[in-house]
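Chain lettering (A, B, C, D and E) follows the sequence in which the chains are written, and residue indices restart at 1 in each chain.
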Amino acid sequence: MTFFLLAAFVIIFPILSQMGMISSFQVGVWGKYLCYAVLAMSLNILWGYTGLLCLGQCLFFALGGYAFGMYLMLMIGEDPVYKTALPDFMDFQGYKELPWHWKPFYNPFFAVFAVVAVPGVVAFIFGALAFRSRIKGVYFSILTQALTYAATLLFFRNEFTFGGNNGFTDFKFIFGADIREESTTLALFVASGILLLVVYWGLAWLLKTKFGKVQRAIRDSENRVRFSGYSSTHYKVFIFVLSAIIAGLAGALYVPQAGIINPEEMKPSKGLDIVVWVAVGGRGTKFGPVIGAILISLLKSWSTRAFPEYWLIILGLVFVFVVLFMPDGIVGLFEKAKAYLRARKGGESDSGSSNIPVEAK
Amino acid sequence: MDQRLSKLSTRALLIQVILSTGESQTAAIDVIRERGEPIISEVVEAWRIGRISTLGEGEEVQVLIQVSEGQYEDLLTGSALTPSGEPKINRATRSLRKVLKRIVDLLDLKSPDMSKRIAAAEKLGLSQNEEYLPELRELVPKQSDKKVKAAFQEAVWISELKNGRIDEKISAVTSLGEVKSYPARDFIEALLKESREAKVERLDELEAVAEIALKKIDDHQKLVEVASTLVRGLSTGSVLLLVSYGLAITFGQMGVINMAHGEFIAIGGYTTYVVQNFFVGVFGVESAGFGWYFIAALPAAFVVSALCGAILEKGLIQFLYKRPLESLLATWGVSMVLQQVFRLWFGAANVAVASPEWLSGSYELAGISLSYNRISLIVFALIVVLVTWLLLAKTNWGLHVRATMQNRQMSSCLGVPSSRVNMLTFAFGSGLAGLAGAFLSQIGNVGPSMGQTYIVDSFMVVVVGGVGNLLGAALSSMGIGMLDQGLQPVLGPVMGKITVLFGIILFLQFKPGGLFAARSRSLDD
Amino acid sequence: MMTEPQLTLEGVQVSYDESLILRGVDISAPKNSVVSLLGRNGVGKTTALKSIMGIVPLTAGEITFEGNSLTGKNTEKRSRSGIGYVPQGRDIFPNLSVWENLKVSISVHGQAARDRLDEVYELFPVLAEMKERKGGVLSGGQQQQLAIGRALLTNPSLLILDEPTEGIQPSIIDQIEDAILHLKKTSEMTILLVEQYLDFAKSVSDHFYIMERGSVVERGEIALLSDELVAQYLSV
Amino acid sequence: EDTVKVGVLHSLSGTMAISETSLRDILLFTFDEINAAGGVMGKKIEPVVVDGASDWPLFAEKAEQLLAQDKTAVTFGCWTSVSRKSVLPVYEKYNGLLFYPVQYEGEEMSPNIFYTAEAVNQQAIPAVDFLLEDGYKKFYLIGTDYVYPQTTNLVLFEYLLSKGIPVENIGGGLRKDADGEVISAGNYTPFGHSDFQQIVADIKKFSASGDACVINTINGDANVPFFKEFAASGLTSEDCPVVSFSLSEDEFRSLPAKDLVGHLGCWTYFMSNESEANKKFIADFQAWLQKTEVPGIVKENRVTCSPMVLSYNGVYLWKAAVEKAKSFEPEKVMAALKSGVSFDGPGGTVTSQSNHHLTKNVYIGETLENGQFSVIKSFDNVVGEPFLKGTFMKK
Amino acid sequence: MAVLYRDTDLTLSAEGVSKSFDGFKAINDLNFYLGDGELRTVIGPNGAGKSTFMDLITGRTTPDVGSLTFHQPDGHDVDLCKLREYQINRLGIARKFQTPSVYTQHTVRDNILLSLNRDRGVLRALFYSETQQDRDEIDEVLEIIRLGDRRDELAGSLSHGQKQWLEIGMLLAQKPRVLLVDEPAAGMSDEETERTGELLLSLEGKHSVVVVEHDMEFVRQIARKVTVLHQGHVLKEGSFDEVAGDPTVKEVYLGRQKHTDAA
């Protein structure tokens, strides 16, 4: 059901925009939100369904973004300040020729491959190490945070060959199309929409498989899973890599729409933002992350314009409110409402809705 | 020399220096150079930091020294005075100050204050100015204190490196090597280089002794470097410890993923700021009373943060004990709110907190410089660890905290007042964060997002130590601090920090539960 | 036995989420007696005990202890007013040492608890032997002993035991049995016992209650617990 | 319609808010001042304030919102270079107009951005000139590890060499690429670094032999721990002055002034400027602060500083250019700017140049105990030059 | 009288195994041999090391010294000390824990499904689809543990005793060669205990089973060969009566044996 809702949205939105009812700006903004939604889903399969709270999901997003950004940088050609084939920041930092690891990125296929491979490989190495030595719970969370923090510092460095603090900006062409054209904006929106639908559908499928069940079993009792003959390490590495790849893809689509990628994008606080999206929407629900990411981003976008001085307070209170009164997020609230309607015949359904511990009452 | 001038009192001369310009100023300075009264350095220092002002115009003009806020002294008479108008601040020019600084340094050579004498000798020696050499030489035997004497002697040698005869140079080099003089190192090296490049007359003997001396100095320096690094590591570790200890309680003991921890640190910082302003209001910046503000700020910071913590616990956290992950979301929200509240209350800019006199400055020990605020930081961290340990390990309250955190329901079943324990514990943890904030105000920023700087580090420390283990947190902060400072000289601060982070990641591969992992046989822990 | 009841449950209802688990339970335990609560797996025995401790909220009914209603009292107050509890599953504090586990009770209940300590050590010598060991690493049976010892130290006038013999070696079960009989004789203690081990229950109890799907279906003096009843309600 | 919408795009939250909020304040003041005097070409300015939240993609989004939705005629905003770089494509796409007020590393000249900021040759170079003249022979470079400090220091490195300073007298460390060419000069710390023990110890060694100074491009609040450590180690400005490029009067509000006395700054405006224009400007601003009702604006102890004045100047230059072009059309306004318009601002006359930068006065100042600068040298009418790298290389 | 020891091949042998925790010897030079298809009962005082021994076999901890060998039907011997938990399980060694451990957020049925003896690799799990045989097996197990009517409820909402049963069901679903059953009767009524006993007896011959229990009635019911552990070491091995009559066993373990005698 939710899938068709999403699909309808992805189809109708561009049509409305073609009819002039939605501005190209809105299309661009929503395109980014769709990427956020995918990013949130990628965290949800880890956190919501496997119990692995990754605070560094932003890293994979950014890595995908950087990988694709490298391609976009090379596509700028000789246009801006220095009129050389090198990206401006390289001229600027005194490079005489393109570093070797940049060269393959002239090829768009390689770039797309890298978008998948780089986050995937990083996740694989990190995941294999961490899960083998049975790092779990908060230890895992904090480690992922340390990882993304270290990466941020690394990318901030000028000499890391990725533009330092300023990162990549001022993209001009994507697959031959002018990135500033409205049609490109629309195309990117549609691409993001398709990514969203595919990921949504794919994850829904995954959850139904036995794999999905093992995943949730790991969340509940990982040791039990091991004693039942499953290598929880393999499962966790697989899901971690998958999630990183999805995040990377989201990042790759995000970057041309946002127009910039820089190390700020992998800062630990960004990782927490994603966690918040998922939690607000409803952790461990299919639709929750999507709705959480979009609603929070909308709220942020709207309130930074409407209440520039107060928006942080508004947003912060929303989080507190959600936690206190919607323990299973927005989606959980819907479920509760549905269950309530169903059970209304059964008389007073108890206070179960707010899991307020008894001793605290 | 101007007869008229030399008849004037030093105070009057100073007034002339301050009020006149050009030749008559220079003349006055020349005379002052001959005088040796402490008032000179006092006035020069006051002039430097804008405490000299004038009152009135023309012949009537009076020169005043500001003693403290609104309190002045007539420079000519030295008597206290309440100005009849608005005094106008008078400032020395930069070049004048540099000249006067030299005079003051020379004066300081005879200052009764030992540390001033040492500093002056050091400085004049390093300047390698020929003019000062005779005076320095003359003063060496007059020093009774060994340390002072050594400083003067060293200054003489350093000066001789440039101004001495060749034999004097050689003996100076040798002696400097003996005392392993660090400041001399670069001069000796320059001397060596000069001699090598001057192809006409190479001074073989000088070169030989210079090489030996350099080696001696370098070897010693390596030792000092290691020792200094250790001290710096301790101090960095203490900062980490202070900022993370509150979290070791709220997160480690209670399981609340407290993202607002940083804001509690900020509350401590702001409390210190408010207390400081209060003291300024009551005592004035200059008064002795002001220096005590920090002593008052410590308990204040603790209490204010603890209160805020208690409110947060009662209003929010207590509903989340069964859902620890959600505490992350809620406290993240609280953290956003608090940050913006700080901005609206105190402004978006950081606020200034001045260190009291007794926390400024440093102490030199065998070549290692120990600044007072760092030393007190280390001591304070130690106290925090001790007190926390005593509270948690030796009191019933501590036992209740630990029992409640391990199994809230069961401890209630045994009659432990768990909701009160929860509140007090959270308040205590928050109070510790506030204390950390108070201390951080002495070495860093106080501002709306000051807490954010520390939050990642704090969680890391707690996790590396082993969640729930206070000793672990203490050791891990020291370890991380040492590692950080140890790597910095080699890799620089950025790569050093990155390496530390990767080091932590690797460390947890081997100790997946941190330094002191809580062991359990239960299947789902 | 004509004494007034130490504890009464009247029409107690409890539900988890949407389903009603206790559908009006009435129990009354006379002072200084041992009452067994029997029934198949999942009929709600543990839930009934939890409702006495205030761990699960009642949706209806009332619980009275020593003449006072427990409604509105939180768990901690109930414990302080003299109810001791040994939960099913032991709930040892895993990272506290054995001694600290016991000390939690002592710290709350003071001198009276300390006086009991020797008694507890005598009953479960292993607790004295393993004082310094962390509660979490004890064997299952040792943990069970610790849980009972810890509850005894709260010096309760009502002791609630949820399957106390589970996982305990036979010789110690005997001792527990002796201890219960001894307590009954020497103190005013009332004991509410949930037990699957029928022989044990029979030999220590004065009264029995049988539960079936959330309600009490049979009650009486223990001597009246006939094989028919057992066959009807306790076997499969 | 008698209003014209003008965008204000600064971070009011997040890490950069400490600096940027003051620019919002001054802009709102300027708009009120202009509106009180009749507006721009008869139209009142209607500010649209948005919060970029120190979040660079959000800056881009907000910029687009200002241009596409609010249809603002011009935007005043950005502080960090990265925020400017993130909105640059947006302004080019919509052919909008942005005024950028904060000193930066140069090497950029977008057709849609006007840089009222100090270019490197209007800040760093004059400062070094002054130090050389003052007899300093050793220079220690220190900064935050990112583009602005790295670039500025590279330029300064070249400049110092060209002035005959030997390499060994340039402290902080050098890094060379494979060909032995220097690609980075100076000691760098991460953003928000708080532990300067090691670096200050290094500086102490470096300056032991006298005649040394520190060139500080540390950005933001990391300056506080740096100066606290510096002072705690016993160093003073007479021993080794620090000249900072990111510390203005506004930042001094949050620094313990006594730790900074005698250290140097270099800007195109100082609050202590004696001119009548400046006195009036300050008085008006203070008066405005007292009566404004915008939430979160601090009213006590406020100061003015170069980025604020450059924002202020920007608004007036825009007004002048609009009136010259007789149009709000960004393209025409930019053309008018390029043709050269002047404004007598609080820091002296500024004139727009065809290279999108300003000709303005540069002042070297010395920090006083009250958080003000006292001018010790000024350079008049320095022409802003964004492209400097490589220009001092002899070989 | 049941056959005490059938001269069959071994499936599991432990030789000279010791394990200590912080200096405390939980297992002390233990030798233990389990025959193919044998039903073995292990008793011993609380803390004797029974559960720890199972921990060692299943890879939860590794012995300090000694060897643990699994003898496969094809004649290969496998050193268990070198394997991880899931590898040991895949060899066919499955365990029921002393405190019930089930997937609380899964339905009763899925708990069984996840325990079925199928390829448990990642890819297989992805492309696994339920066959009729799987369904039958699940139903069969549910039947045995009598939780059929609660098959679609979350396991977390079962009572203690029901969880015990569910875990036994999960054990059965794995169809292992060796079953290690730690206190299966705890929390069960006498009737159910007896049923559990019958169930275990029915496995005899097809599977090797090690049962740990303190319920002497139950032990008597299922006893073939009984091993008594004490302080990490085998104190006595033999038939139920031999063991129960042993004075040391009586002293350290059985006590006055009132209930067992009565039965």
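Following the convention adopted for this analysis, a contact is a pair of C-beta atoms (placed from the backbone, for glycine too) under 8 Å apart; a residue touches a chain by one contact, two chains touch by 3 or more.
Because the structure is predicted, anything quoted here is derived from the model rather than measured.
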**OP:** Could you tell me which chains make contact with subunit A and subunit D both?
**Re:** B
Subject >> Target subunit D, source subunit C, minimum contact steps >> reply: 2
Subject >> Centroid-based (C-alpha) most distant chain relative to subunit A >> reply: C
Original post:
More contacting C-beta pairs: A-E or B-D?
Top reply: B-D
Original post:
Measuring from the mean of all protein Cα atoms shown, which chain centre lies nearest?
Top reply: A
Subject >> Euclidean distance of C-alpha centroids - subunit A vs subunit B, Å >> reply: 42
**OP:** Indicate the whole-number Å distance between the mean C-alpha point of subunit B and the mean C-alpha point of subunit C.
**Re:** 61
Subject >> Length of the line joining the C-alpha centres of subunit C and subunit E, rounded to whole Å >> reply: 29
**OP:** Indicate the whole-number Å distance between the mean C-alpha point of subunit D and the mean C-alpha point of subunit E.
**Re:** 74
Original post:
In subunit D, what residues contact two or more other chains?
Top reply: 12-13, 145, 190, 295-296
Original post:
Counting only residues that touch at least 2 other chains, which ones in subunit C make the list?
Top reply: 17, 55, 74-76, 137
Subject >> Sequence positions of subunit A contacting 2 or more other chains >> reply: 153, 156-157, 220-221, 223-224, 309-310, 312, 359
Subject >> subunit D partner contacts - residues on subunit A that touch it in the complex >> reply: 23-25, 28-29, 32, 81, 88-89, 92-94, 153, 156-159, 164-167, 169-171, 179-180, 258-260, 262, 264-265, 300-301, 304-305, 308-312
Subject >> Sites on subunit D touched by subunit B in the complex >> reply: 12-15, 17-22, 134, 145, 173, 187-190, 192-195, 197-199, 201, 204-205, 208-210, 221, 224-225, 228-229, 231-234, 238-239, 250-258, 261-262, 295-296, 298, 366, 368-370, 374, 376
Subject >> Parts of subunit E lying in touch with subunit A, wherever the complex brings them together >> reply: 58, 84-87, 89-90, 94-95, 101-106, 110, 113-115, 117, 120-122, 125-128, 170, 174
Original post:
Touching subunit B in the complex: which residues of subunit A?
Top reply: 53, 126, 129-130, 132-136, 138-139, 142-143, 145-147, 149-150, 153-154, 156-157, 220-224, 268-269, 272, 275-276, 279-280, 283, 309-310, 312-313, 315-320, 322-324, 327, 354-357, 359-360
Original post:
Within the complex, which stretch of subunit C touches subunit E?
Top reply: 16-17, 40-43, 46, 88-89, 126, 133, 137-142, 144-145, 163, 166-175, 196-200, 234-236
